[in-house]
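Chains: A, B and C, in written order; residue numbering restarts at 1 for each.
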Amino acid sequence: MHEPAWFRWVRVIVLTLLGLFAIAPVYVMLTASLKPLPDVEGAFRWIPSHLTFSPFIDMWQTIPLLTYLENSLIVCSVASVASVIVALLAAYAVSRYRFHGRQVFSITILSTQMFPGILFLLPLFVIFVNLSQDTGINLYGSRTGLIITYMTFTLPFAIWMLVAYLDTIPRELDEAATVDGTGPLGAFIRVVIPAAIPGIVAVGIYAFMTAWSEMLFASVLTNDSTRTLAVGLQGYATQNQVYWNQIMAASLTVSVPIVVGFLLLQRFLVAGMTAGSVK
Amino acid sequence: MVDTIRVEQGVTPSAPSSPPKRRWWRRGSLPYVLLIPAILLELLIHIVPMLAGVGISFLQLTLFYLRNWRAAPFAGFSNYAVAVNFSSATGQALLHSFTVTIIYTLIVLAGAWLFGMAAAVLTQRAFRGRGAVRTLFLIPYALPVFASVITWNFMLQRDTGMVNQLLLSLHLVGSRPFWLIGQDSFWSLVVVQLWRTWPFAFLILTAGLQSIPADLYEAASLDGAGILGQVRHVTLPLIRPVNRVLLLVLFLWTFNDFSVPFTLFGSAPPSQADIISIHIYENSFVSWNFGTGSAMSVLLLLFLLVVTLVYLALGRRGARHA
Amino acid sequence: MRPTKLSTLACAAAAAAALSLAACGSSGSNSGSSAKPTLTYWASNQGTSLQDDQHVLAPQIAKFTKQTGIKVKVTVIPWTTLLTQITAATVSGKGPDVLNIGNTWSASLQATGAFLPFTSSVMNTIGGSSRFLAGSLSATGAAGQPPTAVPLYSTAYGLYYNKAEFAAAGISAPPATWSEFVTDAKKLTKGGHYGLTLEAGQIPENVHLAFELSQQQGGSFFDSAGKPTFDTPQNVAAVKQMIDFMQTDKIVNPSDAQYSKGTEALTDYATGKSAMVFWQTASGSLAKLGMKASDIGVAPLPLPDPMPAGGKKVTSMVAGINLAIFKDSKNLSAAEQFVKFMTSTPTQESLNHTYGSLPTVQAAYSDPAFNTPAVKTFRSILSTTAAPMPAVAAESQFETAVGTAIIHLYASAATGKTVTNAMIGQALSQAQQQLGG
């Protein structure tokens, strides 16, 4: 196919501008994390006066990064793994069976996706506090409480995506297994789950990433020992004497694994999302 | 026992909708069993809190009752009355915040779609380095919100930020403007949210474009359509179903988003960028009056429901006419 | 049989979830039944940074642990979130064992019922109430009820000025009236250097100054019945005066509108970026920030001349930090021991000396460290021209609402909007509505 010269020019210009827009914060994050403190205290410098790795070392002292990291890892892993397990069972039912209430269930799941988080936050806060008063079960400020609230957004998403993914696995596979004398549950465990592994992993990681960035619930329902990275770093950047080079180093450190994970998985995600949206 | 159920029986669309009662629990029980954990969790995390939230909106649930909400006095519709009384300061502030949020959402929506579409169309044809460009475009969406928006916060600092340095060196401004307070804070929010959102539009639109058969373009090309003509006559009409869902999802996400404004401004944003999610949050956790906060959330939910239903209904009618 | 498989799967999932929940459920305060508990203590940010406070407190905590065997886990909480965190703790019942509160919040927090009342028997356990200065003890709660906090640090506002810069500009004495103040500040403002610096993006600093200026105007934020009266002409005039430092007099850097961390204005003053600052007792922090002691001058805040009708000669609020015990604490007696330790004469001498604040117990003043000219100035301010902030239950909400309103007004002024009396009046009445008034 021929491309006129103007088209190539437009392409170069537009893509360059969009690329610069996309990459500018990454450039700032990367360079600032390698700058000595005076460089980030005065007017902005495009290039560090000299390169230093000390922000990456000092940040562990300045910011309680290890605690935040531990909290985020635990809360996000448990919330996403639990969501995926529960969602997988439900998704199999929705994908393979026509049963009473299927429509209602699907619509409920989909519609909770559009609810503002604050709608759940206030009652959950009240419920947690009163539960603790009445029964001594303490969810407010605990990781367990945060995990439960995180499932408010990871679970519906996981169900939705996994239904879409299971729909792409040919039913002939389950049927062949059932003909072989395995029950539907056997077919599910021996045939469908293995075939769905890529989708399961992608959904799990995406749920993990979403939880990793969550701020609304974490800003209210955590205390100093359970604070997650998202609110911990945000708090540090707005409340304290700011060592921007260290904040940038910390931001970079907690971003790299997430970005790599996302880029590796984006194919699965797009397939799942568009499958869900085209329906 | 479950062995006896054959999957195909359950799958068959023509399966009897009300099988004989005696065998019903045996034949159809598996999907329900599989759903039990999800339903229980849904009840626990969504349904019960939501009902509780609606309940709270009818209570005068202030600081002094939060630990024992059963003791809170019943308020009737007074929380709603306060929220929608637009001649009072609270109502005015809510209306202002709502208006700001709508304008911000629409601008971000339009920008994200435009940028995403432009990038998707321009990377549709193979060229050297296309893979790298696509990956680059996804980075804003892949970065954790807090990390990237903290960086934006740094970039938008008046005296030490990159943005003012750039504007000064290009001689676009005489003195350093403020980006995180005052009128311009609105545009800061729009730009940062746009930066964060457009890659998602790009991702979905790229996938949508890939599902358009290449021979349609060839046919259009044979008919004498140039690149712009092909975009207008092939791409845009065929991408419509994707657009329909994409725009709704983007609208809901942007409208409800909390993380970006919260990271950029903290819990007390400038009034020009007083997004509704933050507004309700600030109202609830500064004054500790959960009654009004809940009433506002319920109103917000009703608004979103109406918008979504109207949008879907319009879309369906549009699809039928097309 | 298949169902067993299903139940196995379900059980496995449930067990996994339960395990992981149990594994991470062990957070929050340690309430072990051992004889030597670990206390949790929330400290306010008194020093130059959160880390600085940790360093200052560490040796005292170590001493306490050595004496009693009780460990203390200290968390320093920045001023921007201190009130929210304390309120969340009182609301939820999940808080530290011991905590610092701004003394102006005493009545508000007392009303929540979350703190241990210092009845006479509790007072006796911590060494008796007669040890404390009467003035400090007056700001520990509403009148007629047992206090729910005891004074820890006592401070007052003063006008800090840079003696060297004053001399260089030919100004011989600190300004006594606001018109002299503005004239001096204008002289000192040139080429990126400013006459005055303000923590204009921060709630407490804004609201304290508004209170003091309003008193000078004869205004009040609550009437005698405890009802909010935010938008009176006197209060509007007081806020206008604050905004005009930046807007009309141009003696404040517009960048100060973003100073919100509670240390930035002081740092500007200490590092010579501006000549004056209104601050609470700060000699400890100023030394740490590298300011020469000989450059530091302190005077009371200026007064209007002539005094407006009904105006009071108030140059400071009765400022300070109180120490409270959480009623739900499982370590009440350890908490009482800690309060006793923190208010003991040696600890008072050491901490107040480091922070530059004033001891709240009489005995500490025999230490010569508290007989410096600066301390004398602050003691005289406290005894002659200081007024307590309103001791009403809505006080903390007042601080948040009015403080936030002033932050937005400063932002408008900094970004080139003209802030008028009408705008201020509207902002203040909106703040008043937030209190349901």
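General remarks:
Criterion: a contact is a pair of C-beta atoms (placed from the backbone, for glycine too) under 8 Å apart; a residue touches a chain by one contact, two chains touch by 3 or more.
This one's a predicted model, so the numbers in the text were calculated from it and none came from an experiment.
Pairwise, the chains sharing the most contacting C-beta pairs are A-B. Of all the chains, the one whose CA centre sits at the greatest distance from that of chain B is C.
If each chain is reduced to the centroid of its CA atoms, chain B and chain C end up 39 Å from each other. Inter-chain spacing, taken between the CA centroids of chain A and chain B, is 15 Å. Centre-to-centre, using mean CA coordinates, chain A is 38 Å away from chain C.
Taken residue by residue, chain B touches two or more other chains at 2-3, 37, 66-67, 159, 266-267, 285, whereas all remaining positions touch fewer. Counting partner chains per residue, chain A shows two or more touched chains at residues 85-86, 125, 129, 133, 183, 185, 220, 238. Contact with two or more other chains is made by residues 2, 6, 13, 80, 88, 91-93, 260 of chain C. Interface residues of chain A, counted against chain B in their complex, comprise 1, 3-4, 7, 10-11, 14-15, 18-19, 21-26, 28-29, 32, 40-44, 46, 85-87, 89-90, 92-94, 96-100, 102, 105, 108-109, 112-127, 129-130, 133, 148-149, 151-152, 155-156, 159, 171, 174-175, 178, 183-185, 187, 209, 212-216, 219-220, 229-231, 233-234, 237-238, 244, 247-248, 251-252, 254-255, 258-259, 262-263, 266, 269-271, 273-274, 277-278.
Within the complex, the chain A residues that touch chain C are 62, 74-75, 77-78, 81-82, 85-86, 125, 128-129, 132-133, 138, 140-144, 147, 183, 185-186, 189, 220, 223-226, 235, 238-242. Across the interface of their complex, chain B is touched by residues 1-3, 6, 10, 13, 80, 84, 87-88, 91-93, 111-112, 201, 254-255, 257-258, 260, 397, 400-401, 404, 407-408, 411-412, 414-417, 429-430, 432-436 of chain C. Chain B meets chain C in the complex at residues 1-3, 33, 37, 63-64, 66-67, 88-90, 92-93, 158-159, 177-178, 180-184, 266-268, 270-271, 283, 285-289. Residues 2-3, 5-8, 10-13, 15, 17, 28, 30-32, 34-35, 37-39, 41-42, 44-46, 48-50, 52-53, 55-56, 61, 66-69, 115, 118-119, 122-123, 125, 127, 133, 135-148, 150-155, 159-162, 164-165, 195, 199, 203-204, 206-208, 211, 217, 221, 226-227, 241-242, 245-246, 249, 252, 256, 258-259, 262-263, 266-267, 277, 280-281, 284-285, 290, 293-294, 297-298, 300-301, 304, 308 of chain B are the ones touching chain A in the complex.
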